Every structure is written in structure tokens, then in C-alpha cells.
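Per-chain numbering from 1; labels A, B, C and D assigned in written order.
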Amino acid sequence: MTLRELQEQVRHFAQERDWEQFHDPKNLSMALAGEAGELLEIFQWLTPAQSTAVMDNATQAEAVRHELADVLAYLLRLADVLQVDLAAALRTKMDLNARRYPVDRARGRSNKYDAYEN
Amino acid sequence: MTLRELQEQVRHFAQERDWEQFHDPKNLSMALAGEAGELLEIFQWLTPAQSTAVMDNATQAEAVRHELADVLAYLLRLADVLQVDLAAALRTKMDLNARRYPVDRARGRSNKYDAYEN
Amino acid sequence: MTLRELQEQVRHFAQERDWEQFHDPKNLSMALAGEAGELLEIFQWLTPAQSTAVMDNATQAEAVRHELADVLAYLLRLADVLQVDLAAALRTKMDLNARRYPVDRARGRSNKYDAYEN
Amino acid sequence: MTLRELQEQVRHFAQERDWEQFHDPKNLSMALAGEAGELLEIFQWLTPAQSTAVMDNATQAEAVRHELADVLAYLLRLADVLQVDLAAALRTKMDLNARRYPVDRARGRSNKYDAYEN
């Protein structure tokens, strides 16, 4: 499945329900952040070790899959209405981050060389 | 590009830098929400109409592409460490939402039938 | 009511339930952001004008009051465990912002002079 | 300092800069969540133990105080434009939570009896 194919499915879902009228970038950025917040709520009281084992619990595992799907759906919608090619944007950003965080200087450091990116 | 191919690239980027040690699900859910928050900051003072035109401004357009890429990167990492198939999770969630928000009852309604999902 | 008095009430509530063990700063920052996300969900599909009138609807008004209270509660807890004086921190930050956004240059501009602060 | 006094200071700061035009509830909910996201970014790669010691580092401590102040400022503004009495809203919500999470059943449990509130 390519991002573009998934994007078309989510767009179709919105079109059928006449929901495109609500899907301006401002609103979609809020919906995306709201779903990211729901993901946080799953993990907020778990220790790091418990968070790593979260999929062992069937109820929590389903909640995780649903929230990840919701984040993805709004990310796809937002990129769609903005006509951003997500795969190209990721490629560009990773190239930028590769220069910002050269392997030899960034190795094993989370501060300053702030994880995947900043 | 499939989600899985993108996921491998992002995983490789983290591995090269020995950053996998920081990428437990709890931490990644925070990084994802942090990036979603940066997207919000682009749109927070824009009117809905201005948000729709955000890509007309080259500086803002680049910021948008970078933040969308960051959200995607952490979403891919999070799904990767949790071994969640994102495309399958989206399919399952959309089927669930199709039952929750039948076309005839959800048409044009954002409340209750809460947009793409709830 | 001072911030400090409210803080004591929230601390007492957590102590009675032996919840202080969960209230490290990392976890509380997640809980705070999760509640901020719930606030977003109230407003995400509303037009700016509808958002201004949100308190006219009794159900929405109650949801707004509850979410504002939740954000406040976690903000108070977080400042408490970090031993940050919130009123002093606000004073310091407003002084900094007053220099960053001088009245004559910031008037009526939301970009660059990014609203209340950056 | 009461919440009301702090609220007046933040309102005055916005009025002087003619920023009230940007401060509708929808926009302020985004700004609040954006600041909560910046707090997350401080803690995202820290272990729980490192998060507890965050104020020992002067640079991080200042960042924490600034972000807490920003969250408080937008929370005060949002309650102000909605004419919500924050202290009263907190009292009401804590009474509700006291019934939801009775001391004897909630003690030491973070799941289900979800920390301070849900």
C-alpha cells in the first residue's frame, strides 16, 4: 500500500459524508494533535518498560492500533488538502537531519542532537 | 513508496546514530505529540481561509512540509517498535468508522458524527 | 484563591489516593498535553465564531469547564513536583515577552511577533 | 496572587498589543496545546529519573519555567475569553473526581482509576 492509495481511501471516506467542508488545514492540524493526545493518554502512566510491553494486553493493543490509525488518517488528510507529497517531504527532511546530526557526532546522544530530529 | 519502505529508512536513520535506545513507545508518543504541537503553532493565528492558502508562502510551506515529515517519521517509528501494521490498522479503523458514521446519518454533520472519527 | 492554595488541594487529592508515585514530571507533562488535546477536540470542527459562542450550549460549556480544570490540575501538579513558583515564572516570562514584543512594533501583528509569546 | 489577578495582567499584555483579535477560543486552544507540546519536548528523551532531576540543570530549568509560564498564560487567556472561573471549575471537577475515584478503590491504581482524573 502506498501513502497515495491510503490517502485516496481516506479522502473518499470524507467525501461520501460531505465532511470535506470541515477539513481545512487549521481544523485538521487540531484533529491530528487531538489524536496524538489520545496516544499520550495510553502511555502516560506506564513506565518505559510497560510501554514496551503494551501490545501484550489485547485491550491496550487495540486502543494503540486505533489511535495510530487516527493519527495516520488525519496526517494523510492534512497532506492531501495541502497537496504535500509526504514521502518526498520525509526524504527532504531526513536529508536535512542527516546533515544536522552527522552519524559520528550524534551517536548515542539524545540531547542537542535531539533524537531523530528537532 | 510503501509505508514499510519509509519505515525501514527511518529505522535505519535511528540505528546508524544508536538512537534506538531512546525510542521506546512512551518516548515516541511524546515526540509525535510534540511535532503535532509544532504543526499547530503554524496554524494557530491563521484564519481558516489563511490556513487554506498556507502553501502560497514559501517559508510557511517549507515549515509545513518539515513538520508533516516529522510527524510521519515518529508515527512510522512508533508503529515500528510496536510492530503495528499501519495500513492494516487504518483499514480496520475505517471499517469501524464506516459502521459508526453511516453515510446517510453522518452526511454534513461534524458534531456527534465527529468528522473522520472520534 | 491563590495558585498555591489550589496546588495544595490537588496535591492532597493525589496523596490520599497514593498517586504521587505516578506523578513524575515526565508523566505529568504527558497528562497535561493529553488534556490540552481534549480541549482541542471540543473546538476542532467549530468555526472561530462558533468557538466564541461555545458557552451558550450547556453540554459544551460543561465539557469546556471540565477540560480547563483538568489542564489546570496537571499544570499545578507539574509545577508542584518541580517546585516552580508559577506566578513568579509567569512574571519573568511576561517581562521577557515585553522586551521581545515591544508594544509599538508588535501591535496587531500575529506573525513574527507571535501573539502572547513564542 | 490570585488567578484573577494574573488573568488581568495577561489580558492587559494582549490589549496593549491589540492581540485580542487573535484570541478567540479556537485559536487559544491551539496555542495552549502548542505550549504543552513544547513542555513534552523537554521531557521526551529523559528517563523518569532524569525528568525528576530536570531542575538541577540551569538551562533546562529555565526552559521548564518558561514553558510552564506559557501554558499558564494561555490557560488564563482562554478562561478569560470564555468567562470561566478557573478556581470554581477546578473545585467542581475535583468533587466529580472524588466520586469517580473513591479513596479506598483508587488507592495506588493508575489504570481504570486513571490518576488524578480521566
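Quick note on the criterion: a residue touches a chain if its C-beta (ideal position, glycine included) is under 8 Å from a C-beta of that chain, and two chains touch if they have at least 3 such contacts.
Note that the structure is a prediction, hence the values are computed from the model and not measured.
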Type of chain A:chain D copy interface by residue overlap (half), same or different: same
Between B-C and C-D, the pair with more C-beta contacts: C-D
Chain centre separation in whole Å, for chain C relative to chain B (CA means): 24
Averaged-CA centre spacing for the pair chain D and chain C, given as whole angstrom: 3
Multi-chain contact sites of chain D, meaning residues that touch two or more partners: 22, 27, 29-31, 33, 36-37, 40, 43-45, 47-48, 110, 115
Residues of chain C that touch chain B when the two form their complex: 26, 29-30, 33, 37, 40, 44-45, 47-48, 110-111, 114-115
Residues of chain D defined as touching chain C within the complex: 1-3, 6, 9-10, 13-14, 16-19, 21-27, 29-33, 36-37, 39-40, 42-43, 46-48, 51-52, 54-55, 64-66, 68-75, 77-79, 81-84, 86-87, 89-90, 92-94, 96-98, 101, 103, 106-108, 110, 113, 115-117
Residue ranges of chain B touching chain D (in the complex, touch as defined): 22, 27, 30-31, 33-38, 40-41, 43-45
